[in-house]
Each structure stands twice: as structure tokens, then as C-alpha cells.
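In the two complexes that follow, subunit A is the common piece, with subunit B as its partner first and subunit C second.
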Partner chain A sequence: MEISLDLLLSAIMAGILLGGFYAAVTVGVSISFGMLDIVNIAHPAFIILGSYAAYILNASFGLDPILAAFLMLPVFYALGAAIYQIYHLVFERRGDEALRGLAFFFGLLFITEVALVLVFGVDYRFVNAAYVGITLHYGPIDLPLRMLVPFAISILLMIGLQLFLSCSFIGRAIQAVSQDRLALQLMAANPTKIKRIAFAISIATAALAGAFLIIIQPVEPSIGRDYIGRVFAICVLGGLGSFPGLVAAALLLGVVESVTSTFYGPSWAPAVAFGFLLLTLALRPAGLMGR
Partner chain B sequence: MWSKAHSTMRTSLLASLIAIATSLFAVAASAAEPIKIGFGMALTGGLAGNGKAALIAMQIWADEVNAKGGLLGRPVQLVYYDDQTNPATVPGIYTKLLDVDKVDLVMSGYGTNLQAPAMPIVMAHGMTFIGLFGLAVNDQFHYDRFFQMQPNGPNAKLSLAQGFFEAAMTAKPTPKTVAIVGADAEFPKVATEGARELAKKLGLKIVYDRSYPPATVDFAPVVRAIQAAGPDLVFLASYPPDSAGMIRAVNEVGLKATVFGGGLIGLQFASLKQQLGPLLNGIVYYDLYVPAPTLNFPGIAAFLAKYQPKAVAAGADALGFYLPPFAYAGMQILGGAVEATKSLDQKKIAEYIHHTTFKTVVGEIKFGPDGEWVEPRILFVQYRGITGHDLEQFKKVGTQVVVYPAQYKSGDLEAPFSEIKH
Partner chain C sequence: MGRMRNSTFWAAAFAVGAVFFGLSLLVPNDYYFFAGYVVLQYIVLATAWNILGGYTGYVNFGSAAFFALGAYSTVVMYKLLPLPVPLLVVIGGVISGAVGLGMGYLTLRLRGAFFSIATLALAVVVQTLITNWDFVGGSRGAYIIRPAHAPLLGNYIQYLFLVMLVLAVIAVGIARSIERSRLGFGFSSIRDDEQAAEAAGVPTLRLKLVATTLSGALMGMAGAPLPYYVTYLDPASGFNLAYAVNSIAMPLIGGMTSWIGPIIGAVFLGTIQQLATVTISSALNLLIVGALLVLFVVIAPNGIVGLVESRLRARRR
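Right, the complex of A and B next:
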């Protein structure tokens, strides 16, 4: 296909917007896996849970789905704290986190999915929001608000989390526990408590990511499985524990997928995107901005 | 001597009484033993919306039959397992149904992907197998005991696209180019193959011909690439989430085409109709039943009146226009064949079905040699005049206009798509 500048610009812009969404979906895993070494394979299921939470508040009270997600942040935070506590007591404390901990999260993934099926049924769910259906046109570039609004809030979320990690005591403690747990303990900080807070934050981000997802596409309980590979790939590509790396990786992956999809066919998009991941890791094993 | 004779007689009498009692009990037990009908069904996963709806329809049939005394004087019992919309589960499910559960009859699950893997197992057991909506499932097997409820006709590959192209070619000016796009999955692959054949037959130039992975999130790049190719017609074959994604992208990008539509699965369901609302206007899609005056078959209204409240309670498709009537009709056919042949002999049942025209809630059905309908009845319908997101408007005549085939047509095609208000 002929590469026209207009089409290229549109594809890049679409990829950037998509990348913003990918960043929101991945940030929770970046915290749990990248910083805490917890392979929370159930994270996409919590994102779907976030989607359904936004759906309930939107359908019942007419609340904007993103506003609904902000209201649900404390609930998801509490859920994340509870899950970590169980994980720590049963697996981490006994040194069983490697395989049995992974099995625990697999189980959590399926339990969450089946619970959603039992409560909500299997039909696709959508939300209504004032900005869904509106597209801004700037020359050859189209900016559907359905993608632009999640992108903008996702970037704000990344900035907010980075500031929290860099500038707050708890944030620096989270970074410290990911680097050297024993040293943190010697600084009279409780690593378990810090990890619990960090994991709770990672699950809280799923509430927002879920709201973004249900704005962008219809959701049914099993759809989270489509994202497992993507989120871990972006997390690794960006560099474990690096938020700027995560954003760069998500945007890059989004752009690569979008440009490939436009000019070479959508079937090639995942292959090229993951090929890009492999190439990056071959040249830079720590990821784009990993330590 | 008398006591010995008396004792022998008493023993014989007791043994006879026990034998009679045992045989009576056996007769009673076999009379009450249910006729088990087994199947896998998508109760979770991507196709579960339709799977659950089909199950409700089948349960309605079973309840009705049991209320009238069952089949062959025996109650029917549905034995089913969730195939999770995962083809890999299907062989195991049907092996269990036939070898462990010892079901008497089988039906298929919903969808091409979930029927094809069952074929080797049902063929090995010699079972009559009624398929619930699959495309060209029997084209390679040529199994003489397979029957398909989706009204594809003898050439299943072409039937999903035939009506779209026949309707689209009535647009003025006559279309010259076509874009073909579909998901990387069994049904869309077969449907787009048919579209390609028809496009070549009609002398249409194919200016875009690509597929996309089912897990695609953003369809805007796909639609922009299609737009850049400038086709008159756009034929899409998709599953529900991609149908919604493509329709949104088409409206956001502002696709300029004469006719847009094709084999979009999902547009038949209440949830997508309700959500997409006016975005559907102008789309020409395939359907199997809509509330049009030309499709008022005996029994359909009564079936839908029973189905719709149950579906709402179960969180399944609230309208039930797509798979449910055909799932119910499939059970009518299976049950009718059992009653007519007075047996559970699979060969007799299959032969009876082959030689019979059945009167069902979706009209008369006659099957051809490969189990497909002798006459295809894939309707092509254009959405018109949809305003807002109220579901009730879809129950009324006028919002879904049948533009193909001529036998059931209720209106002419409106074009171009790009000028219809969305």
C-alpha cells in the first residue's frame, strides 16, 4: 500500500492514543510484577471487575464511567490490600510465592471471571458517556474522544504515580523495597506493610483501567484473557519498575501496532509488535528504561 | 410328604412373586428413564451471549415436551457442559457425553468453531448431529447424519455474502470496487472467501483485502486504510466485539462508501442494537428473523413471548431474534424425528430428517444431502430510522427492512451509506 503522509500521521496519532490506554492497563502489573516481584496474572480480571463496577454505576445512576472509577478507587485499594495479605501469609512468608503464588493468582483470575458470569451473565456490556461518539477532526487527524479521554487521564495517572513514587516517603519506600527489602527493614520500615500498600495501589489502578476499557470497547467477563500477554510484554519492554519506560513502551507498541495495521494489514500487527519487543530485549535486556 | 410338597410350592410361589415384582419394577424404571439429549454450549467466553440464549430455547422445548408426556412416553433430559467458547474443550465434552453419560441423542454447540471439533466424535459413534449455526461445517466431512440449522443452503460459503452483494449491486451508480475485511477466525474466513468469489463473479475490483486478529482494540487504522483504498462496497465479517469496534470506527472516521455491511455477528443481539442505536442506520447486515410482516411464521410469536422474559432474567439476549428460534426449531426437528420413527436409532432418525419437510417456528425446513437447507434463507436487512437507544423500536416493523431475498423483501436498499444519518 502507498504510504501517504496523511495516513501515516493518522496511524501514529491513533497509535499514541491506543498506547495511552495500554499504559493504564499495564501500570498495575508494572507495580506488582516490576517492583514487588509478584506475578499477578489476575490483573486483567481486576480490570474487567473495574469495567463492571463502572458499568453498574453508569447504568444505575448515570454516572460518568471515569468518575465512577474514581469513586471505586478506595474499594479496589482495600481489595488489593486484602489479597496481598492473604498472598503474604499463605505463600510469601513460607517462600512458596514462585509456583504456588502463581497458581493462586491463576485461581483468582478464574474465580473472578466466573463470579462475573454468575452475577452479570455473559452478554456484552457497554457504558454511555457524553463524549463517546464525538470525534475531533484536525486536518487528516481524527481524535475520537472515546480514545482521547482515556489517553489524557492515563497520562495524568502516570504523572501522578511517578510523582508519588519520587516525592513521597511511602513512594520512595516502595522503590526501596523493590531494590533491597532487607535494607529497607534496617531503616525501620516494615517491608510487608509497604508491599501491601504498593499492591493495593496496583489493584486500585485496575478500577481506572477498567473504566477506560469499557469506554473503548464492549466488555464481557472473559475478555481479560486477551490482555495477559500484552500487559506483561509492555511491562518487560519498558523495563521492570520504570514508569517512564512503561509509558514509552506502551506508546511505542501502540504506534507499531497502528502503523503496521494501516499499511501492512492488521494480522501483522501483533507479530511486528512482539517482534519489536524481542529485538529490544535482545539489544537491551533490561528493557527500554530498566535498571 | 405333604409338608415337603407344600414347602416346595411355597418356595416356587415366592420365587414367582419376586420375579414378577422385579420385572414390573424394571418396566416402570425403563418407562421413567429419561431420553438424554447431550451437547456442549458456550455458556462462558465470547459466544456465550448466544449460547445462553440457545440453551434457554432448548429448555423451553424440553419443558413443553415433558408437559405433554415426553418423547416415546419418556421424559427428556438435557445433559450439557460449558465449552467456554473454546474449541479445544469440544472433543472431550462429546466423548464424555457419549461414553460416560451415555446420552441417547446429541445436538451441537453454537458456532462453526465449536461444531467442527465435535464431528469426528459424533461420526465415530454414528450419531445424528444437528448443528446450531455453523458455516460449511460438513463441506469436508460429507457426513450423512449431519444437519445444519443455519439456513445457509447448499453453498454455505457463498450464502453469507450472496445477499449482501445482490442487494448492494442495486445501488446507483452501480458499484465497481469492494473492500473485504474480517477477523482471523473460522466463520469470518469462510465468509470472506465467499465474498471474494462473488466479487470476482460480479466483476468487482477488490481494492482492500485484509484480516485482523480478534483481540484488536482499535479499528480506526483498519477503517482509515479501507477509506484510503476508496471502495464503493465494504464487506465485513466479524464477531460481536469487533462488529461494535468497526461500526464505531466507521462512524468516527466517516467512512465514505456506497454500502457497508456483510456478515457482522452481533448486530442480531439486543445489547449491540441498544448500545449502538443510530450508529446502525444504513448498515446492511445478515439476519435470520426480524419482526417483518413477511416472516410471521406459525408459533414464532408464542415462542418469543415465552423466551423473552426468561432471557431478561438470565442475562441473555433480550430479543431472541437470532439463534433462539432456530435452536428451538432444531429440537422440534430432533423430537419430531424420534416420535415419527418411534425409535432412538440414529440411522432411522437421520433418514427421516433427510426425507421430511418440517414445519417449525421458523417456517418450513427441508434438508439437502449434505445436511444444509435445500433453499437458503439468509436475510439481508438494512437498519433504518433508528433513533436513541430504546430496545422497543427493534420489536417494531420498519427499523429492520429486509432487502434480500425477494421472497421476504420488505423494502428497497437505501444508498449511499455515507449520506444516511447515523
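Right, the complex of A and C next:
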């Protein structure tokens, strides 16, 4: 196959934009799985839920999907806090989180997906916004705004979260709970409360990631499953809980996936993410920038 | 039931199977064979999942991949050299068992959650490979034409039912004999405290590899007759997520610590789903499974078996 330079360049550019979006998708899991040790495999389902929330607000009130996502942040935060509360009472306290906790999130994944199918059907839904159809051109490279806007906000989100974690009191407490839970308890802080806040933040990011997703492509309930592998691949590759590692891994995966689907066809793209994940787990489980 | 001898168990299991089969022959309607086949298939899947998940504590989300590998190995053999179904079952088992071994070798040195995530990943990789493989029909799927006459019985669906019944008896028998063997004690030491087991000299990695291989092989065996059952197989149905959910939900709901749990779960959930599919809809059907799964892990973590045991213990006091 002849590989033209222009095609390669625009595939790489598209991959970088895609990677920025993947960072927003993954950051929630990076917090819950990487820092809190909660294997929330239902996270992609909450992202789809976020997409539908943006869709409803967009379709019925004409709100910008990203503005809609910001309005939904408190709702998702509360949902996350509630889920953590159940998880803590039922599994963490019993010391039962490994097996049954996983099954719990697996069940939540299903309930969310099927409930969305029952309410909205399996039709693809999309949103309208001023920037969705516009594309900027720089020579051979196309920059569609529907990719560029999520990319930019997602990078801002990552920077904001990093600042929050390293500078604010709560943020540093979250890092402390991920490093040494007992020591935090000895400092008279309540690890459960801090984990609840952190988990709630992780679910709140799903509202934003969901809005990005539905701006980038039409959404139907079951596409969340495609993201399970991507999310965990990026999270593991980035070295669990490290944000700079996460962004690097997300961009890498975005580029590899975009190049693969440009030159070999989109039906191979899912295998890339999962293949990446399997290889990472087998060869370098500590991730790119692992401790 | 606790102190039954192995030979007695096998005799009893085959007797139960034979009686079950004899009774179903009295039913004049083929639908019962179709429905019964599905429930038996789930008994095999749930038992296979439980050998890894229940006994060693490693959660496999990729049951659908092992199951579909068995089914697709039958499709390949059908195109190359059609063999009788029992041989296909053996071939499907060998292939899925080999994949299970490879999978375990790649990931079992990591913490449990990584193994689970890797199995999810495996399911998608295998599905993508099959979807892009034209020889087995790719995304269009493959048609299987059943022979006009089935061996032994004549009626093909009854024949498949019988094959699956024998497979279910074998799978349950294997699970039960593991429970009472050194292997089973090794497995449960891994589940309870892997580091302590390792320190006490239990060869944990080797035992885990035995579990993934055995579990994968049984799942593949359950999938091997599928193409003859449905006569048309495409990746979306072979890799249907329903298999992954059910093979987790059934042992969890039935009870994971003994061989009887997956059977109870499979019969309970399998029957509910057959009824729901016929009377309501198949989307709702998955909602029921998901809701029951969450309900049971929250309220009754030891499943139906656990509920019954604690009831009995309370009465004895």
C-alpha cells in the first residue's frame, strides 16, 4: 500500500485530537481505579449517560452540549457520591470489593445500558451546536471544530484537575488516601469521606466526556463498551493515577488508532486499543511512566 | 450429599441426566428441547466460569470470547472437514483451552483486577479478528447446514440436547471432583490469600494456569455445538454479551463455593430469561439479569446456596 505523506500527517493530527478526547474519557477511571483502587468498569456507561444528558438538554432547550455538561456536573457528582456510599457500605466495609465489587459495577454497566435502550431505543442520537459542522484547513491538515473544541476543553480539564490535586487541600488529601490510607487516618482525616469526594469527581468528569463524545460522533447506548478497553489501556499504559502519563498514553493511542483506521480500515481500530492493553499488561504493567 | 463417594456421584449424575432426557422425550413439542438446550449450555458455562471465578477468585469477563472460539472452531471444521458433533466439542475445547492457557500466562502474574480487564480486552481482540476473517464469513456470518439425520435419535435438536446434557454432567462432575481434591484446596488457598498460599509453598501460578485452561476449555466445549443449533452464526451473536453476563451472574446468584451453586443459578436465571423472552422482550431480559446480579451481590453475597445454608444453620440452633 502506498502511504502518502499528506494522508499520514492528517491521520496523525486527527489522532492527536482524538487522543485529547480519550484523556477526558479516561481521567475518571484514572481517579477511581488508579488512585482509589475502585475498579469502576461501569465508567463508560456513565459517559454514555452523560451523552444522553447533553442530548436531552440540547434537543429540548437548544443548550450548547458543553454548557449542558457543566450544568450536569452537580447531578453526576451526586450520583457518584451515592454510588460510592453504597459501594463502601456493602463491599469495602466487608472487605469484599475484589470479586463482588467488580460484579457490582459489571451489573451497573448493564442496567445503565439496557435502561438507555429501553428509554431511547437503539437509534443513533446527535447534538446540534454552532461549531459542529465547521472545519479549519491548514494546507493538507484538516482541523474539524467538532474535534478541536473537545480536545481544547479536555486539555484544560486535565490541567485544572492536576492543579486541584496538587494545590488544594482536598486534592492533596485525595493523593494521600491513594498513597497511604492508614497514615491519613492517623492524621485524623476521614478516608471514606475523601474517597467519596474523589469518586464523585471521577463520575462528574463522565458528564463532560459524554458531551464531548456526542459532539464527536452520534451515540447509541451500546457504544460505551468499545471504550472499556480504551479507557483501561490508557489508564494502565499511563501508569495508574499519573495525569501526565495519562495524557501521553491517550495521545499515543489516539494516533495509533487513527493511523490504523486510515490505512487498514476502521474495523481494525478496536483491536488496536485492546492489543495495546494486552501487550502493556504482559510486558510493562507499570505503564510508560510507572513508578 | 456432602459425603457421597465419587463413583456414586457419577452414577447418580448420569441417572439424573437419563431420567431428565427420558422425561423430555415424552413432551411432544420441540420447543422444550430448544429451551432446555439453552439452559444446559448455561449450566456448562456457569460451571466453567466458577472453576476459575468461584474457586480461585479471578473474575473472567471474557466468557463470550472462549464460548465463541468454540463455536467458530466448529465453523472452520465445517468448511474444511465436517466431523460428528462430539468430536467438534473436543476440538473447540482444545482451542479455547489453549487460548485460556496463553491468556493466563500473559496476565496472571498481575493483581486480580488486571486479569479481569485483560479478559474484557481479549474478548474484543478475538471478536475483531473473527469479524475480519473472511473464511468464517466475517461480519456477514456463516451458514451451517445440518445433516438430514442425526445419529442415534434422528431428530437433530434432540441429538444436540443430548450432547449438551452429557457435557453438563461432565462439567459438573469435574467441578465437584476439583472441590474435593488437592487441586481444589490449592484453588481456595489462592482465593483466600494468595501471598500466604505462595509463601506456604502452593505453586500458585501453575494452579491458576490449570484453572484458566480448564475453565476456557469447558466454555469452548459449550460453544462448539452452537453453529448446529442456530444454523447461522455471526460475530454479534457468537460474542453476545449475554454469555459474559450470564456466566458471571449465574454462579454469583446461585452461590460460588460449591458445584451446585452454578446449576441453581443457571436453572433459575435461564428459566426466567426463557420466560421473559417469550412473554416480554429480550432487551428487558438483560435488565433482569443485571438487576438480579446487583441485588444479589448487595443483599445475599453468598447466593441462593448461602441463603439456604444460613437458614438451615439457624434452624439447627
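Basically, the second predicted complex is superposed on the first by the 260 of 291 C-alpha atoms of A that agree within 3 Å, B and C clash if a C-alpha of one lies under 4 Å from a C-alpha of the other, contacts with A are read in each partner's own complex, and residues count from 1 in each chain.
Keep in mind that, in the parts below, a contact is a pair of C-beta atoms (placed from the backbone, for glycine too) under 8 Å apart; a residue touches a chain by one contact, two chains touch by 3 or more.
These numbers come from a predicted model, not from an experiment.
Undergrad: Quick one: classify A:M72 as touching subunit B (first), subunit C (second), both or neither.
TA: neither
Undergrad: Just to be sure I read the superposition right, which of the two partners does A:A53 touch: subunit B = first, subunit C = second, or both, or neither?
TA: neither
Undergrad: With both complexes superposed on chain A, which partner does A:A233 reach: first (subunit B), second (subunit C), both or neither?
TA: After superposing on A, A:A233 lies in contact with subunit C but is clear of subunit B.
Undergrad: Applying the document's definition of touch, where does A:A209 land relative to subunit B and subunit C: first, second, both, or neither?
TA: neither
Undergrad: Quick one: classify A:I86 as touching subunit B (first), subunit C (second), both or neither.
TA: second
Undergrad: Looking at the overlay, what does A:S267 touch: subunit B (first), subunit C (second), both, or neither?
TA: In the superposition, A:S267 touches subunit B and subunit C alike.
Undergrad: In the overlaid three-chain picture, which partner chain does A:F110 touch, first (subunit B) or second (subunit C), both, or neither?
TA: second
Undergrad: Just checking: does A:G275 make contact with subunit B only, subunit C only, both, or neither of them? Give me first, second, both or neither.
TA: second
Undergrad: Taking the two structures together, which residues of subunit A meet both subunit B and subunit C?
TA: In subunit A, residues 114, 117, 226, 267, 270 are touched by subunit B and also by subunit C.
Undergrad: Touching residues of subunit C toward subunit A in the complex: what are they?
TA: 53, 57, 59, 61, 106-107, 110, 112-114, 116-118, 120-122, 124-125, 127-129, 131-132, 139, 241, 245, 248-249, 252, 283-284, 286-287, 289-291, 293-294, 297-298, 301
Undergrad: In the complex, go through subunit A and note every residue touching subunit B.
TA: It is residues 1, 4, 7, 10-11, 14-15, 17-18, 21, 113-114, 117, 120-126, 128, 133, 135, 142, 144, 146-147, 216-218, 220-223, 226, 258-259, 261-263, 265-267, 269-270 of subunit A that touch subunit B.
Undergrad: Help me check something: in the complex, which residues belonging to subunit B touch subunit A?
TA: 43-46, 48-49, 51-52, 84-85, 184, 210-213, 215-218, 220-222, 224-225, 228-229, 240-241, 244-245, 248, 251-254, 266, 269, 271-272, 275, 279, 314-317, 389
Undergrad: Going by the contact rule at the top, pick out the subunit A residues touching subunit C in the complex.
TA: Counting only subunit A, the residues touching subunit C are 33, 39, 41, 86, 90-91, 94, 96, 98-100, 102-104, 106-111, 114-115, 117-118, 225-226, 228-229, 232-233, 236, 267-268, 270-271, 273-275, 277-278, 281-282, 285.
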